[in-house]
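Working notes for the structure below.
Letters A, B, C and D name the chains as they come in the text, with residue numbers starting at 1 for each one.
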Amino acid sequence: MAAKLEGIFTPTLVPLDDRGRINEPELRRFFSWLIEKGVHGLYPNGSTGEFTRLTAEERRLIARVACEEAKGRVPVLAGAAEANVRETLAACETYFEFGARAVAIVSPFYYRLSSESLYAYFAEIARESPIDVTLYNIPMFATPIEVPIIRRLAEFPRIIGIKDSSGDLAFMMRMIAAVRPSRPDFSFMTGWEAVLAPMLMVGCDGGTNASSNVVPEVTRTIYELTKAGRFDEAMRWQYRILELFDAMLFPFEFPDGFRAAAELRGFRFGRGRQPMTAAQQQDRTALEGVLRCILSDFGLVAPPATGCAPRTGLPAEDKIAQIVFGVMRELEERGVVWPKP
Amino acid sequence: MAAKLEGIFTPTLVPLDDRGRINEPELRRFFSWLIEKGVHGLYPNGSTGEFTRLTAEERRLIARVACEEAKGRVPVLAGAAEANVRETLAACETYFEFGARAVAIVSPFYYRLSSESLYAYFAEIARESPIDVTLYNIPMFATPIEVPIIRRLAEFPRIIGIKDSSGDLAFMMRMIAAVRPSRPDFSFMTGWEAVLAPMLMVGCDGGTNASSNVVPEVTRTIYELTKAGRFDEAMRWQYRILELFDAMLFPFEFPDGFRAAAELRGFRFGRGRQPMTAAQQQDRTALEGVLRCILSDFGLVAPPATGCAPRTGLPAEDKIAQIVFGVMRELEERGVVWPKP
Amino acid sequence: MAAKLEGIFTPTLVPLDDRGRINEPELRRFFSWLIEKGVHGLYPNGSTGEFTRLTAEERRLIARVACEEAKGRVPVLAGAAEANVRETLAACETYFEFGARAVAIVSPFYYRLSSESLYAYFAEIARESPIDVTLYNIPMFATPIEVPIIRRLAEFPRIIGIKDSSGDLAFMMRMIAAVRPSRPDFSFMTGWEAVLAPMLMVGCDGGTNASSNVVPEVTRTIYELTKAGRFDEAMRWQYRILELFDAMLFPFEFPDGFRAAAELRGFRFGRGRQPMTAAQQQDRTALEGVLRCILSDFGLVAPPATGCAPRTGLPAEDKIAQIVFGVMRELEERGVVWPKP
Amino acid sequence: MAAKLEGIFTPTLVPLDDRGRINEPELRRFFSWLIEKGVHGLYPNGSTGEFTRLTAEERRLIARVACEEAKGRVPVLAGAAEANVRETLAACETYFEFGARAVAIVSPFYYRLSSESLYAYFAEIARESPIDVTLYNIPMFATPIEVPIIRRLAEFPRIIGIKDSSGDLAFMMRMIAAVRPSRPDFSFMTGWEAVLAPMLMVGCDGGTNASSNVVPEVTRTIYELTKAGRFDEAMRWQYRILELFDAMLFPFEFPDGFRAAAELRGFRFGRGRQPMTAAQQQDRTALEGVLRCILSDFGLVAPPATGCAPRTGLPAEDKIAQIVFGVMRELEERGVVWPKP
């Protein structure tokens, strides 16, 4: 029997080249770096990986590269949702052949389905898939999967876990209470690192966290401290990752803030596939200043040349503060204004 | 300059064969029937056409068939949204070559975008597309497009209209007030036939209505009566189509109720791509009874053998009533019970 | 049998004095003016009347004054919802003694109730009230009342109508289709004047419209033109009142924009009970300029001394435009800048 | 300087007599019992206390009784929101004279206010109140209070804490990160006991939990275990209280499930003020069976005579199971059916 999914799986970002195509060499370099930095698994074709903005062929390419780079080092959980059940099952077969550990199937989106239809959908996949399946619940983007349906679906041995991105701790506890007694091997992963440590404390098995693209060292630390029962230390890191997460999540279109931050770690992600106006590009530059400051506090990148303003943890306010701070420092250097004595 | 989009465009359903593939002969027969019954245009690859459950190749096939069948008879508005701007523009070029009149681009979904990003997205398409573009606003499934953004986008000559499926009359009036003065050629189409006649009364140019797959005669009648200023007559038909629309929309997963009703007009649509449980299949059979009754009141199909129960217009209650009614009639025929004297 | 409720009932604003108390003389003058300007009824203690910001004693005072001023001229529909059924029934009795035509009972708010509980609540009031009752559905603030429940409640002779502020035309049509066949005396009133004319076109009996505090002449005109079948003329007024409604509704806290506009008609409403920051007070002053421009186009007030900027109908943009316009005109007058030749 | 608010404050239920009036003797007996069972404070006139269904006089009576019973034993936090700022300040003065430790002011409801208006509202109260104030954020019922506004309001020394009933752990962490550095005395209380232990783990100071009306021993145990760093033990209790909370919260109208459970502890709460249909009363009886089973597992009440069915933690399913179980046991006793061997 295969090992239970545990630990931090990175829902991997996708580097693009100048012509907007997948930058495969950079993708390989990035995957390899993540594994070296200690993530427990790769999770290509998730929401962070912008699977809806890729073609079916591109999704296959990314899953294949993930399996090749991970081989023998970490397991791969590959997002396999396609346009319909038949196409999804075809992807399941392909990823099985690539050597993925399991696939993740997001709840149907665009149309909102009834619970009964959700059950019918996942049940058909569970019956036919040659590879283990994890459910993927992300109520802000796709049809929510309720606990009674999860309980019924956990009767399929092929379904081995759920990734939940609701960030709702009570929901996680309800799932665990409903499923774990009969399925101790069932894996519960949280996609909401804002509350990663508390989720692990209530019994969650790990996380699939976008932030692990940027600070894989930190998400691993939180995982290990919590598993070791060192909750107070874990919570100190948790507050720090919350600030970073909020700064990456709120001011940009998702996942562009995560792309901007991961670039500061030394990778070229290129322009995203969602166009930006000139105003948005300026805004992104401004926010990079804040991200650089946060990451430099972690000791992972150098601070901006102009230094860092004090922060509040409120992304909009911190962005303004950092812009003003940078401008003032430049004016001081040019002798236009003088620093406070 | 090309003619303004006006009238009823059918967001066409997709017939499938026994193996779940597109049934091209039936698709051609259906498109041709719609045109003969008087629809003003075909609109393949909309939400009713389950574009998200098709592969990119299937969407192309359907658009091509629509253009071939429509040729010289009615214009085609083809849904062209693909995974990203580049893929979408490729579809625009293809549909342009097929001879489509224009494309419809749904607002990005799954991720919810800011207004600024919506603008950037549609602006890039407007700049590059070789074919006229209509915006497609469907807030229940995709990122809502607000009036100020529509107003800015209407500055692109390539953008020639909007299809709005919100059903919100005030929103429609706000769009018309904001755009029509500077763009009298801009077309406003409603996708919510529950209020088709009122929408036309406030100045809307037409509709893209799922019900026109089922009763193309009726949607055309409402359009013509309203355009002729015969509002009272139009409203009587409007109340009747509301009952039909609700019966098709609410009890099933969309668009399965429309598929079930269109089958009663003599087409084979096959099983949909969203799996159903046994309970759902029974429920669908029960609802077909109500749909048959409503359509027989229009004089378009024969009533059920067991006759029709009185209806209230409330879908859930009417379904139960019709089931009970059918059972009672059968028991009467078998002499088990006697009819009320 | 009492007459069916029809026409435009004003959900009356409440003038306050310098100490924040109800300004009774101004309240009487205002009520009398509304009746003279042609409203068909008074509707005190509605949402526009800020019933939740009044004490129980103040609500009684306002209802009494409405009945006294209306006496022999127009009917009064008095908002009678209190903290619980017993208190509500006590208000019903009091308003019955005051001579009100009927009471309006808003759906319970704060807690969101199930449909079954809504039924139990209104049924108990319907059984005990000495005065006719109208339901009040306002889903943006209170528990929504669904059509099947309205249908069941319409079996109580004491319940004679519904005021609906959803603005949803299909919902209005569904209510009418479900209730009117068995209750032709049941009155359907819309609280959403953004779509007043279309609502009347589909069969609605009238409106309870906050805008009738400001332009009672216009809401009456729309009502009469529509009832006379002069839909095209009605729609022209409808587009104009939509602009006014949006300008009063969106930029301020409700109902402060309506208070600001009603003041331009010659009444002192005083500072509202919801405190404002200094920034909000400045903003209110800026918006009064736009309101004055819109009302001067109706010929009901004088335009601002500095004249009016062109408008788009988009409240936020029009406010900025009017501020800039006013400043430029002042600078021109002072000779600082010159007008465009 | 007064002590920081800490520990479990009970948002007290209100017992009614046969005529629907407040049952003052039972209220006193109940308050006294809660204090004896170890709650750290009383919180009358919260949502659990149905403050919106009481008259202003009744709210004063309850606050007075709470202060009298608590005197010298535990602090009282009294809900003081009234119809407007002036009435609210009058209640603040009264409760100050009663000897309350602080008041809780719920965010304005019915109308949804802008953040700027929320600030203006609470700022005016903070400036004028003679008694310490806690904010009360309950986004499911009232206007949400966002973190930047909380941060600005925390500059008023009079505002000493916030009760948050969102159940959102990340939101709690964001508040703590934004306010605690400058206001270490500011108290953060959670109103969502579904996640009480995790909330305490991330730094929350206590809870105002409806469940403490029913199992004050258990909420205290969770508080003390967590404060002592015995997280694993706390989490075991946490899972048990989650089951109880869900069983009380979801199947009934709030707070009737809590009233039903508290009755099992030996108090007469009487019929609530929200009417019930006959079907609802039957349902309540059925659910009492489940509540009795859960509470008997805690060792706090005797199990039902017919015994307890196995439970899943899913309230709807457990209710059905318990009904079936009870019926089967009765049939067995009557010899109609035989137990499984």
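The criterion applied here is as follows: a residue touches a chain if its C-beta (ideal position, glycine included) is under 8 Å from a C-beta of that chain, and two chains touch if they have at least 3 such contacts.
Bear in mind that the values here come from a model prediction, so they are computed numbers and not experimental data.
> Quick one: which chains contact chain B and chain C both?
Touches both chain B and chain C: nothing.
> Work out the mean Cα position per chain and let me know which chain is farthest from chain A.
Max centre-to-centre separation from chain A belongs to C.
> Rounded to a whole Å, what is the gap between the Cα centroids of chain B and chain D?
48
> How far is the middle of chain A from the middle of chain B, if each middle is the mean of its Cα atoms, in Å?
Computed from C-alpha means, the inter-chain centre distance equals 36 Å.
> For this structure, enumerate the chain pairs that meet the touch criterion.
A-B, A-D, B-C, C-D
> Can you list the chain B residues touching chain C in their complex?
Within the complex, chain B touches chain C at residues 147-148, 151, 167-170, 173-174, 177-178, 192, 194-195, 198, 201-203, 229, 231-232, 235, 238-239, 242-243, 246, 312-314, 316-317.
> Where on chain B is chain A touching in the complex?
These residues of chain B touch chain A: 20, 47, 52-56, 83-87, 108-114, 116-117, 119-121, 123-124, 140-142, 253-254, 273-277, 279-280.
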